[in-house]
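Next come two complexes built around chain A: one with chain B, the other with chain C.
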Partner chain A sequence: MAHSQAPKLADTKTTLGSLGPRIYMVAGGVGLVALAASVALGLAKADGLRHFGFSYLVSYAYFLGISLGALVFVALQHVTRSSWSVVIRRLPELMAANLVVLALLALPILLNLSHIYAWASGHVPAEQAALLAHKAPYLNKTFFTIRWVVYFVAWIWLAFYFWRKSLRQDETGEVKLTKQMENLSGFALVVFALTCSFAGMDLLMTLDFAWFSTMFGVYYFATGFVTFCAVLTLVTLALQSTGRLENIVSGEHLHDYGKLMFAFTFFWAYIAFSQYMLYWYANIPEETVWYLVRSQNGWGRVGVILIFFTWLAPFLGLISRFAKRSRKLLAVWAVWIVIAQWVNVYWLAMPVFSPDRVRLDLLDVTCFVGIGGIWLATLALLAGNRSLVPTQDPRLRDSLNFENA
Partner chain B sequence: MKTAASDVYDNTSDDPTRPPVLILGDQDFTSVTDKIAGIVERPSPPRAWYIAFAVTVSMTGVLFAMILYLILTGVGVWGLNNPVGWGWAIVNFVFWVGIGHAGTLISAILFLLRQKWRTSINRFAEAMTIFAVICAGIFPAIHVGRIWVVHWLFPIPNYQAMWPNFRSPLLWDVFAVGTYMLVSLLFWFTGMIPDLATLRDRATSKVRQMAYGFFALGWRGSHRHWHRYEKAYLLLAGLATPLVLSVHSVVSFDFAVAQIAGWHTTIFPPYFVAGAVFSGFAMVGTCLVPARQWFGLKNFITIYHLENMNKIILATGSMVGLAYATEFFIAWYGGNPNEAFVFVNRAFGPYAWAYWIMVSCNVLIPQLFWFKRLRTNVVVMWIIYIFVNIGMWFERFVITVTSLHRDFLPGSWGYYKPSIVDILTFAGSFGLFFTLVLLFVRYLPMVAMAEVKTVMPIADAHSGERRAVGDYHGDIPQEIRDRRSHS
Partner chain C sequence: MSTPDRTGVLYGLLAEFDDATELVAAVRKVRDAGYLKWDVHTPFPVHGMDDAMGIKGTQLPFFVLAGGLTGFALALLMQWWMNAVDYPFVISGKPLFGLPANIPVIFELTVLFSAFATFFGMWGLNGMPRLYHPLLTNERFRRATSDRFFIVIEAQDPRFDLPQTKQFLGSLGSGFVEEVHESAED
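And then the complex of A and B:
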């Protein structure tokens, strides 16, 4: 507990200031334009917005994963009484609170279910009709919508609970607020585990309603969490490049970001490998069919890219201490993971739409920019001109002084 | 930061404004060494130790008698039948390997996560890991039938060019468990070197000095030694971390690669790992709670430490519960009639009693740890540990037996019952385990002295008047230092 050279919070810029409006004007403007363009492009395809639906779903599932990763990160920090992360905890708090806009952004999917999900379309091959009838109690539009309302109520309640208590502590400095957040965090993890696994299955697994995997919820969590770690790194570095959080978020914190990205890249690969290997080994047609589609007509190449691009490269790149403590390398690998994990989600969803070829479309880009732009704009909007650091957190001093042993 | 005696001071108060006090009883470095090393240095252990040792050695004798009987007679002495060709042997193997997961999780993963409280319990847990893996290794070895060719498990070049089946998860087990055993042993031993040197320096007999001195590898406590030690420790922690996940993942592959309903499901690897950590912590707790009482270690293994362990048990137990629920959901959702049958049969078939023991012990009873009063009460937690041990053994029993006993051909359905040899072999493995634990607490320091000292307030250079002075030679009792300076 060396407090001799504690960096001073007062010397550091900890608010967005004039940057905030600029971000939400630009990002929000670009996002809205891109979304409008997506709808126009989708309508131009004249396929009842089916292509648009899939492209939108990919980027939606991707950004939802990031905000869910942020939510579980915040709950984990409280449940473990973590001190290292206090100085950066406001950022994930905001990303989790951003689930509010993701609830709105879910509408294009919920209103377009019948064009995205075969089980909702009413056109099912005769040989699959009995199977779908069996699953109908779970796979129907009403229950699907009810589930998503329940998920979002739970997520937004939890995210706002942590964010608002934390904001209130900035003003009052009450220690009991920390205790309240800690008390809810265990329960929050239970709620999160249930909702996140089912949401992942609902969103991406039921695209092929005949296929199933008990691992799928964990797979979706792993994807979202590692992407969140990379986004958190990028947001922190971006803020630092504008002079914000400059001295208080040190190389020690960045080192931990690097460790998180490294560990969860590996975790994602472990989950992806386990799912693949077990289905490949047993070779049961009803299970391998999902991988069959994803190993033909160019999708197999995307799968191979995933092995090297999404797992091996960041794994090797982040293994050394030097890389984890270098701002430049950390930024490179964070961008890398952000792209690679998007490819991963694309590979999960798109083969259902286009099994015969990999069809990267302008729609995929506009949907990504659209949802991403709005996500970023509301992030800045939620941040407002308030502090980006929980200034009165009782563990802040430990966080500022923390060192990797 | 003054602390009172443990029975007065509540270190579970969980005050966010200051870090928890890990070591109670107003200790300094010397008192820590005196306490921990003192347990090993007693001329003879208390009579209870001898009684316990006699019991466990007798049970170990039963184990080896049963193994001998098995070898001389054949695996027919077990309760295996058709269709249940895998019975207690594999159940016990997975049970013991699972227990071996807490130690390396505590020593490696909690080290990487900077959980300082681990220092009080890691030595004990790591020792248990090694003993549990030894117990586990026995079962597949004696299951091979012709034990005299058990070395064929390993890919040994031979003139017949015969190799084990590299596509078999049973061979992967040989590598996974073997690697885990090796790295855990190295990790345990490396961490113990400074403590062994302390015991060497305090030894009052030539034999002890030579024995501890041999294993202390010439440790002198120089800065260079410490520097290399810490580097090695970090590297070993990094290497051991993926092993914690890989061992039980590979064990889960034994089941999950098969096309057998109830076994073949993708959640198995992480679900088995969570279950293993769960059972491992419960077994560590089962041993630690009495040990801290009998050896007077309440100031080192405090209620705070136990509470943290109980939180991990609650978390991993709930993960296991989520996995059970997911399996059940997908068994219905998947629409495969065989899968659905197996799960309904588990819960309501002839082995329903085992299934509900499993669910109650693993999912329901640990939920009591949500209440702080219960998770900080040593009697309550110890009873829950026992339930978890039982529940996790039953989990492996349910997985193994219920999926096999009613296979695809109803004409060959059967009911599996263990034989007396099965039961005595399993009971005997507890004898072996506790024999090793008793030897460990008799001859080796059961708390990592050097590591505990680093988390004490006086290890901090800014701690004021009680600042630590000198290096580890301060551990050497005054009378021995006097004797040395005279000679």
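And then the complex of A and C:
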């Protein structure tokens, strides 16, 4: 039979084993130290933790985007009944379940609203006061907090639903669990679309509360999803370099990772440009102000860098089939996207804090390492010593045999 | 054109197989025997067939790249010439040649020309359009769309030798080897 050399799960290691505790000890330790350092650095600035708040917000929005990307990825696999992705689906399931720790990590923002957001500070320019009064029923601390509780309840419920059902299937092998997940997945996408859009707007767009954009929710999703694709690639390749998931995750699966990174790099640029072009055309001050702040005092240069660094380079780099099937090139472009998308989020938020110059601070690094370290640590903790592959999924065999046409 | 000869010029040899496993094994042997002008027909895509046949990667992506770049350049030049040269007209205070306004058209033409290159490039590489094929007159070959698998070695192949190739195909486990003629009617 043509499938006679099909790889088997027994051929490879599918659990973290002793690597798990090592990851969460090291990453967790480094993360906690970096977060403590961030708070100390923030306090030393004596600005009521405003600088800390912005640096923290950038990396928080960034990692939240990755876990949200994972959640929508899992739901998408179920809604399309995909078989190619079954062998790697546990990894995004875990990254989505990691929203639990992101709920905790939201506290420094929720407790510091008045130092980050002008609408919460009580000090707004006189000409914007009427507008803020108009938006106050939505933009107030209480409703903001309520919304974040609602978002996280919805996300964690969905993420755990998919993760727990999948884990249970490892033990029981019941096909009906797959049916249940498929049945929820369509609804999950609707819930996701609404909550992710509003969360993106709440977190980053309301920094400029006087600004309007109907594109911003998708912009945030695009950023999160392409970053997720890159992180999924890196996690898979890292696990393979330790001898885990070898052979069962083949060049064919990696080829699809490449396609996802390629497609969503372009999707991000498409959304970013669509927003820009309409405002450039209409040229109405209350719309162009957002770009005005982000095109002056060095921020414009960051914007131009984004065009080449975040869109053009990975677009050209991943265009060929060869690049998508090469482990080395995939790893290079995944790292590239991970960095480039962070710069993108930085450019979204930081000009509000520092409109007069681009100032990359040690705080930006410590917040990234802090949140990233804790995110990685809890990911390993959630993974535990359980299988990193949904062993009893009815489509696992198809996934192991998967070939691109 | 003269009336079709009932035997016609020999097109090639058709070998029938009952299942995909036998087929793939036979296909590997045909490849290793060094034949160049030959093909395989199956009712459904068989995994690993390209590899078994030793088919090299397609050139199509380069056609698509060329098509895309053509569309890109054409759209850019067209808009520059129309808006800034041939009929300069200031609209809502924008520059005569303003890149943001041109990008949607550039994007669309890049996609359109890439799609054309893909579609017509695929035709060209597959020798289409082709309204007639000698295999279509073969009764047995009709089952290629339901439950039989076929290997065809063309008479034009440099290694083709009627008795020898016939014997070779028979040795691969084919239950039935048949001559196919150009414009022949059974």
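Here is the rule we go by: the second predicted complex is superposed on the first by the 403 of 405 C-alpha atoms of A that agree within 3 Å, B and C clash if a C-alpha of one lies under 4 Å from a C-alpha of the other, contacts with A are read in each partner's own complex, and residues count from 1 in each chain.
The working rule: a residue touches a chain if its C-beta (ideal position, glycine included) is under 8 Å from a C-beta of that chain, and two chains touch if they have at least 3 such contacts.
Treat the numbers as computed from the prediction; the structure is a model and nothing was measured.
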| item | value |
| --- | --- |
| Side-by-side fit of chain B and chain C on chain A, or clash | clash |
| Touched partner set for A:134, first chain B, second chain C, both or neither | first |
| More chain A residues in contact [chain B versus chain C] | B |
| Partner chain(s) touched by A:197 [first = chain B, second = chain C, both, neither] | first |
| Partner chain(s) touched by A:281 [first = chain B, second = chain C, both, neither] | both |
| Which of chain B and chain C A:179 touches, first, second, both or neither | first |
| Touching partner for A:308 - first (chain B), second (chain C), both, neither | neither |
| Where chain B runs into chain C (options 224-232, 296-304, 332-340 or 422-430) | 224-232 |
| Chain A residues contacted in one complex by chain B, in the other by chain C | 1-3, 277, 281, 405 |
| Contact footprint of chain C on chain A as seen in their complex | 1-3, 273, 276-277, 280-281, 283, 319-321, 401, 403, 405 |
| Chain B contact footprint on chain A (complex, rising order) | 1-4, 80-81, 83-84, 131, 134-135, 138, 175, 178-179, 182, 186, 189-190, 193-194, 197, 210, 212-218, 259, 266, 270-271, 274-275, 277-279, 281-282, 284, 286, 394-395, 398, 405 |
| Residue ranges of chain B touching chain A (in the complex, touch as defined) | 14-17, 19, 112-114, 242, 245, 249, 253, 256-259, 264-270, 314-315, 318-319, 322-323, 326-327, 330, 333-336, 370, 460-462 |
| In the complex, chain C residues that touch chain A | 20-21, 24, 45-48, 57, 61, 65, 92-94, 100-101, 103-104 |
